[in-house]
Every structure is written in C-alpha cells, then in structure tokens.
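Let me begin by handing over the structure; questions about it come next.
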Amino acid sequence: MSNNNDGRRRGDEDEEDEEEEGGEVAMEAWERAYADERSWESLQEDESGLLRPIDNKAIHHAHYRRRLLLHQSASSLRIQKGLIRYLYIVIDLSRAAAETDFRPSRMAVVAKCVEAFIKEFFDQNPLSHVGIVIIKDGIAQRLTDLGGSPELQIKALMGKLECSGDSSLQNALDLVHGFLNQSPSYGHREVLILYSALSTCDPGDIMETIEKCKKSKIRCSVVGLSAEIYICKHLCEETGGEYSVALDESHFKELLLEHAPPPPALAEYAIANLIKMGFPQRGAEGVISLCSCHKEAKFGGGYTCPRCKARVCELPTECRICGLTLVSSPHLARSYHHLFPIMPFDEMQHALPGNLSQKQPQTCFGCRQSLSHGSTSGLYVSCPNCSQYFCLDCDIYIHESLHNCPGCESLRNTKAVDAMKT
Amino acid sequence: MASKLYTDDVSLVVVLLDVNPFFWGGALKKTTTTTTNSPSVLSFSNFLNHVLPFLNSILLLNQLNQVVVIASGANTCGYIYDSSETNTSEAGVGGSGRMPDLCERVLGSLEEFVVNDQRTGWGADPTAANAASGMLSGSLSLALCYIQRVVRGGLLHPQPRILCVQGSPDGPEQYVAVMNSIFSAQRSMVPIDSCVIGVQHSAFLQQASYITGGVYLKPQQLDGLFQYLSMVFATDLHSRNFIQLPKPVGVDFRASCFCHKKTIDMGYVCSVCLSIFCKQHKKCSTCGSEFNHPHLEPISTSEQK
Amino acid sequence: MPQVRILAKNFMDMVAALPATKLDKLYENPFICEAVLRSLPPLAKKYALQLLFIDSPISAKTMEGWVLADGISKHRVAIDRLLQLRVFLEEIDRKKESTYKLNPKFQGNIQKYLVYGGSLPRQPMPSNVTVRLPTSVDLETYALEQWEGFLLQLISSSQVEKLTSFSASMMKFFQRGLLSPRENEAPKLTENGFQFLLMDTNAQLWYIIREYISTAEGRGVEQMDLISFLLELSFHTMGEAYNLNTLTDIQRSVIKDLANLGLVKLQQGRKESWFIPTKLATNLSVSLSDSSARKQGFVVVETNFRMYSYSTSKLHCEILRLFSRIEYQLPNLIVGAITKESLYNAFENGITSDQIISFLQENAHPRVAERIPAVPENVTDQIRLWENDRNRVEMALAHVYEDFPSKEVFEATCDFARDMGGLLWEDTDKKRLVIRGEYHQDMKDFLRRQK
C-alpha cells in the first residue's frame, strides 16, 4: 500500500504534505482541487460583467489533431497488423495475488480487468483466439483452451478465483509454449502475463525457456502488479513484447487494454496466408432446421454454410460437414477501418467578418451546423479529397468513430477515383 | 441519468429517401409493360403520397419530434428537409404567411436536389450499371453526423433513429463504407430501420438492421405503404418494447470482395489484414503481404491436436 | 417531480370529464384533435395512427395481438385513455365482442392534417403593417419576465416593481391553497405553495390555467370555449403577429389575462392592435404529454455544501433562498450555502428533503448534470439526515397531574392510566404523572369518582 502511494505522490504535492505535517495550512481534498487547478484564472467576463462559460472546444480539438497526426505518421508506412492472434492470458494466482494493496485484492482487480479486456480483445480482433492459464502452488495449469467465445472464458475464470503458494514463470511459459506451437503459422502467437509475485520459483533454467519462446516466435508481454522484476523485463525484451508495471487499479486497466489493439505485425512473426472462408446467411426466425453441431432440430436463427448448406448454431466456427471456416462477415468488417483510414482533414480558419472577398462556407457538410458560430475560434476543416467543409465536432466523430468521409461518400465520382486508388 | 431521460417517446427520425432515377425509371417501365395487377410496383409520385403523410404523422405525434430527410440520388445525396429549421428559415424568407408546409418544402427542395444531382452526373461517364445502385454509405454517413450533432446538444435530446426507404440495389463497392457506418451507428445505439421497396432484398440493410437492432421489412403490398410505415416504422423506441414487430426473415451476411467488388458468399481472406478476395492472389493488394503458401485451405490440418 | 405529471394530466382529465356531446363538439376543431392526440400515452398515439385509415371497426382481441405479453398493462391503459377521451368509440358486434373505431370527427380531422399538412388557426398579419416586432430573444425574455413577475406577485406582492393587472380577487383565487393568510402580516406560503414553486414552469403554468378555467364560469365564460381557445393558441406560430380583430369578444378579454401571464405580448400599431404568442403559449400543448419541458439547468452543488447558480432570475434567487443561505449575488451568478439553519427553515415551511434534492438534480448545470450523481452524495445524504433529525422528536399533547392528596390516590390513578395505556411518565416521590392528551377526559372522570 505505502509503496504504491509513495510512487504516486510526486513533485509539487510533496510540499503540501510537508505543510500538512506542519499542522497550520492543512487543506481538504476539495480545497486542493481548486488550489492545483487555479480554475478562477480562466474565468472570462463579457462586456456587461456577466461570467462567460469557458470554451474548451478549440483546445479539445487541438488535442485530437495532435493524436490524429501522430497516429497518421505512425501508420503511414502501412504497417501490417497482426489481426489473427492466438493469445494465452497467464494469471498469477500465487500467494502474492491475495495482497490487498489493490481493493479488495489484487486477484479481484485482475479478474475484473481481464473480463473487460477479453471483451475488448474480441471486439478488436474478430478472428483471434484466447485461452487462460493460471499459476498456483508453483505449477501452471490450463484453465481454458484457445477459443473464440468471450463468455466461456470469463465464466471459467470466475469459477477459479483462489490463490495460494508460489509462482513459477518457467512452468507457465513451458505450458503455453507447448500449446501455442500447435497454432497455425499465419496467426500471431502471444502470451500476456499478469504477474503479482516478486519472485519466480522455477524447476530449471528459465533462460532456456525464454530462448525456446523466442524461437517459436511467441511474443511475451507482462503487466506487473507490484514492482519491476528483471527477469520479466528480460523476457519481454527478448521476445519483442512489452513490459509495464501498474501504479493503481485504473492504471492497471489502462495497461491491460493497451494489449487489445492488434500489435504491428513483424514480418518474421507470422507467415501471411490466404485462408478460404465462407460467409453464411442467417436463417429466418421461427424456421425449424436440422443443426449439424448439436445433431438435433433447432427452432429459428442459425447459419447456413454456403458450400454444403449445413446449419450451424454459432459463428465463427468450422463447418462440421465440409470443413470450411465459417465467419460472420461483419466480424471481419469491424477491422477494415484500420486498412482504409481517412486522410486527416486540412484545418482552415474563418477570415475576419469584414473580409468578404473570400468565399466562405456557411454550414458543415456533415451535420449542417453553422460553421461561423459553432466555435469562437472560427476554425473548421476540409477534406483534401472532396473539399467539403466540416465542423470540428464532425471532424472528431468522422475520424474516431465513423471512419467514412460523408463528403466523399455522397459523390459517386470521387468514389470511383477512390476505388481506383485502393 | 441519461437513460432516465430516455423514457420519453420523443424521437428524431432521419429518413433516407431513395430518389434514384434509375430505380424509379425502371419501376415506371415495369408498370407500363406488365400492365395491370402488379402490386409490387409503385410510381414515384404515389410513393411520395405515402411518405409525406408519414413524415407528417411523425411530427404530429409529438411536438418535440424531429424529422430530417436525406435524399440519395444517382450521383449525390444531400439534406432536403429538416423540421427543426422550420421557424427560422420560414420567418427569414419574409413570412409568406403560410404554415410551414412540410409537403411543399420537401417537394421544393427535392426538385432542386434532383436537378443538381443530374448536373453533377454529367461530368462522369454514364455507366448505368454503377449508378443504378443506391448511395447508402453517403446518406448513412450524413445521417449519423447529424445525429451526433443532436446528441451533442445536451442531455435532453430526442431519441434518434434512422429509417432507410430504399429501392435501388446495393452497391457492392460501398461495402466497407456501409459497414463502417453500421458499426458507428451500433456504437452510438442508433437503430437503423429499413423498408425495402425494390424487387430484391438488400443485404446491406438486412445487416444494418440486424446489427443495430432496427426493423427490416420488405412490404408485400406497396400500394399500402403508408399503413406499413405507420404500423411499424412510426413506433417510437420506447414503445417497441411492448409491440409485436416483424421478425427478421434471415440476414444475408455476404461480403464484397476487395478486388472486383463482387458480392460473394465464399472467398479468401488475408491472414494479416483480413481483406477479402474472390480469387487466389500471390500478394495482398491491401497490406502488401506476400503469400508463400498459396494453397492452404482448411485451418484444421494445422490445428489438429 | 411527480407533481408535474399529475397536474398536467389533470388538465386532460378535465377535458375527458366533459359530457360526450361537448367532447364531440370539441373534436370539430382540428387543433383540439391534434392537442388531444399529443397528450395521449405513446402506445395510444400509435393505435390512433394505426387505425387512421381503417374504416371498419377492429376487434379488441385483434388489438391485443399487437402487443407482447409484458406490454399488456400498457395496452389496457392506452385503450382506456382512448375510450375516456372518446377518440375510440366502442361497439359491440354481432358476436358480442367489443370492437373499436376511431371517432369519425377526430379521424377526419387528423386525416386531413396528414394529407394536406397542418394549417394555421388564423393568418398572421403582413409584416408591412406590424412594425417593430420583437425578436425571438426579446420575446422570450419578455415572457419570462412577465411570468416571473406574476409568480413573485403571487408569493410576495411586496417584492414586485410592476404589478400585473389581475384583479385582487383573481389573485386571491390563484393564491388559494398556495398561501395561508395571516392577520396583520404578509401571508405565509403553505406546503403546497413551496411545492408549487419548485415545479417546472410548464407545470406551474398549467396549475394556474386550471385555476383560471375552473373560475371561468363565474366570469361568464364557457369552460369549453376557454379550453379550445387555449389549445388553439398553442398552435399559433411563435413570434408572429395576429390581429386582435379576429378574436371574439370573450377571447379578447381572455387574451389580456394571458398577456399578464406572459403567454402573449400585446402590441398596438397605428390602426390595429395585435397579439404575439410567446414560447410559453406554444409550449402549452407540449407539456400535456409525459415529456417534460426541456430546459437548461443552472445549479452547481459542491461537496462542501456551497451552491453556485448561474442565473439572472430574481425568482430563482427567491426559490434558492427557501432552503439555502444566499451569500453573494453577481449579475448572473448566485452563490449560496446549504446550511443546517437554512434547511431547518425549509423543513419548517413544509418542504421535504426529497423535493429539495430533486430540485437540485433537475436544475443541475449541464456541466455537472452529466456526472452521476449530479448532486454530491454527501450533500444529499446530509440533507436527508437533517430532515430525519427533526423527526427524532415527536410532539404529542400531554397533561401533567400533580398535587395528589395522598399516595393511595396517586397510585390508583397511575394504575388506571397504565391500564388504559395512556401513562407516559410518573414520579412517585413528588407524586406527579404525565398522561397522553387524549385520555384527559377519562382521567378527569376517574379523579372525580375518587373524590
């Protein structure tokens, strides 16, 4: 507990702590919020002395632009992303996981965050598989097989939340290595270890195991809950993974979720392949059909294999009859915005009201909001491709959620041009 | 807090109208050739006779209801009506004194839209095969931008939903854009209702309604379109919890391949970027990965344990 | 606040309570049809729309098939309401099953509305006659000023600079139930009065209008005419000018009262005079349905019990003063603190903690309204605790008996009181006891018998 807290209180807050000990100028938590932010300094008055609300929009948008451009420069090289991932989550359930520096305990926090992580993971990596391994009493055991159903994984984990004994990194790595070696070569093999203990109790030389993982191209990442450990750092460096240590619960969650988006694919890690897949149709509600996976008549729903017309209950799966990989196409489509990102829009500035020589756009093409009164700064953006004008709000929405330029999409000509480019 | 305010039946309905001349022209041709008893064909003016009262009825149900109409034509799509702009624009035009008559305004801007749409089309080569499809991706994107603006407006906003009235066939080349819009709608919990008035089912709209929790309906009798619209699509989201709505008749999950923009139900998927192709390729045209084992069909061979 | 809905619905109940013939007559006016339709519960609206172009009656059984199993209670409520308002007419068919049909007048009017679009109750005046029309912003400030002025006059006539021209008797009538008159002193707000002040504007408006309508007959105005005129008024376009000559004499007298409330603004040109409906008027029919008025909040409450209200309104200040200590007043900012004393004051006046909390929550400034909870928990808890504090002591009437002649008499009295269950306290040494107030008569009889 103390360990953690000390880590968080840094810099200027130290001064206040001293003052507090002095006993004179002790500040309440709420007072400190004002003292730190000095919020009164940003107050603005209008001509008649009325207080004006602060306009954060321009600042907000500037933040976003920086993020966008950063992202843009990073992905300009068309980095290949590993979208098919085979990931084992290794959860340390040794004695150390019972510590209560995270409330109510490390174990409970880990379980909660893993649940969120698995959901997010499947959202971002539609065709990937996840399995869970736990370390307890010095041995590693596999809780669930690699699979595509988030609910099953979460359920299995929630049933096994007890901790005892020591932790063993080597046992865990050996076990995972055995399983991942069987996964298809086009998939990315990954291990994510959530490590609570400060030591590892191994039966042999862990360096050999690390070397083995490296050879099998298993990318190992560790999120620690206590302090930085050399062996973990070494493991991550060797295998190309990431190592981080959480300060508190929210930070832990943040670190964990950073592993959800697909990592940049390193060419040697996975062999690219074309996989034949079928996109089955969903049957009408209320129709009775014979199901190939349960071998019984089912009522309504279900999907039909496009090749052999057999009925299956869930996607993604493999057809029992003809062996075709069946996926739901929307599942694939979720990741397409990674492939075809829209260009960042050009920033424009409204000319002063007096200057009428320049033709100025009146409303945002996307939402029809007036561009002149939308923000005080008079900023707006324009798409370099279709040269339609957008307001700052739409700019953010288009790039962060919609991933379509409404201007380009609503002109058939530009689309033809676009299609040729890609 | 926000959900508490959602119990109201106040709605914002963004209606995407298909005014593609290729579709309506084709429909007209059919009526003249097949003469009588073809209830599945509707002329454009009749279509408007059904839709305009429907728009009126949405506005009638609640004074706070809002209707936005977006037309999608052969080459462009754009806003043609926004009920929230009624007061300002009408007063500004010099107060003709008439009640903001929805029909008149819709028809007026529709005409303007069609003329503009045609003019935009002149520059392009008139490949009818391409232009015959709807402009779903563009109109959906516009609708979502508009809805975002309303939602941004504060905690108290009408519940948004989108209604697509489409007759033109899907344009497979819009696949990625349409799917992007659908997912964005799903994230912002905006249901997309679809009313298909064409001859064929629309795979795009089936998926859109299925994923976003909207209603998909292909009316049998187009001459009773208003009744369908008022029975099904006028239902606010709150009442949908209590009402029997048409059950989905299956969803067409077919995708479009990236190489030829064809709709396919089986294809090859790049393991690196998940691009879909209808044929074997040596190199992925999207991410540039080279495929060294061009023939590796079932995963199962390598996954056997 | 629950009162909002009850009051607003009450108005439609008033309409529903009209005799069938009068109700049918009301439906001749398309605006009434429209307003009534909008006031219905969502499901009922949908049914009315669904049957709009169906001429043959629909059996009740068929309609039940339209809803899912857990919607059946809502379905019943909807059908009941439709029947009460005579939008649906019930008929028993040959198979003795009940069928429903739309009221033909209602049906005709709504059909017309849908096909031809709405029309205006009356034509606005051309803009060359009506010079210097107020802008919509001006109009809104005017409406609010009028309304707040009226409210201020209602609760404390001393505070107001300009009085409305409501007659004193009218004012008295409005104040009935809200204020309790005291001799030689300004009247004091009653519990209802406070609740009234904490309601939102539309609910307050309807309360006043209901009172106004119920007294209409005393002024020689037919209730039905008034109802239809008010509903019609809400369909005028805000900010347009309408000639007063188009109104009947009765309506002209009514409109002067409405101008006092801020529903319309009256203006006089060279030859003609006209009225301009404000937002309050056009919102009238909106607030009849469940959807509450949409307005922006202004209050920020902090964990240290300080309250910042971004408002220029004097009325807001007065309302806040009811339960908090106002410390500073800037042009558009009121700073106050919620203290134990200020709250005790409020509780004494019959305001409940729930009312205060819901007022703070519903008027939360947009910046804090997104937070959950909008009002800090420690503040809401403390408000409730302080209220509970007051309830720790329960007042009950009691009587003290002392100076007993002998110990025997005292003990006999104690036993008697104990048997009745009225003994509260006894002191054997000093021979004193306290009895519940309601047993006083019995005790007197008993003591008399002892003598």
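Should a chain be cited, it is by its letter among A, B and C, assigned in written order, with residues numbered from 1 in that chain.
In this text, a contact is a pair of C-beta atoms (placed from the backbone, for glycine too) under 8 Å apart; a residue touches a chain by one contact, two chains touch by 3 or more.
If you're wondering where the values come from, they're calculated on a predicted model, not measured in any experiment.
Go ahead and name the chain pair joined by the largest number of contacting C-beta pairs.
A-B
Determine, using the mean of C-alpha atoms as each chain's centre, which chain is farthest from subunit B.
Most remote chain from subunit B, centroid-wise, comes out as C.
Between subunit B and subunit C, what is the separation of their C-alpha centroids in Å?
That gives a centre separation of 43 Å.
Between subunit A and subunit B, what distance separates the C-alpha centroids? Give it in angstrom.
30
Just give me the whole-number Å value for how far the CA centre of subunit A lies from that of subunit C.
Taking the average C-alpha coordinate of subunit A and of subunit C, the gap between them is 49 Å.
Could you list, by residue number, the parts of subunit B that touch subunit A in their complex?
Answer in residue numbers: 72, 74-79, 82, 120-121, 123-124, 130-131, 135, 137-139, 141-142, 144-146, 148-149, 152, 173-177, 179-184, 187-188, 207, 210-211, 247-255, 258, 261, 264-277, 280-281, 284, 286-294, 296-300, 302-303, 305.
For a test of understanding, state which residues of subunit C touch subunit B in their complex under the given definition.
Listed in rising order, the residues of subunit C that touch subunit B are 34, 37-38, 42-43, 45-46, 49-50, 52-53, 65-68, 70-71, 74-75, 110, 113-120, 123-124, 126-127, 237-240, 285-286, 289-292, 294, 296, 366, 369-374.
For a test of understanding, state which residues of subunit B touch subunit C in their complex under the given definition.
Answer in residue numbers: 1-2, 7-10, 53, 56-57, 60-64, 87, 91, 94-95, 97-99, 101-104, 154-156, 226-227, 230-231, 234-236, 238-239, 241-244.
If we count contacts the way the header does, which residues on subunit A are in touch with subunit B in the complex?
78, 80-84, 126-127, 182-187, 265, 267, 270-286, 303, 306-307, 318, 323-325, 327-330, 332-340, 364, 366-369, 393-394, 397-398, 401-406, 409-413, 415-416, 419, 422
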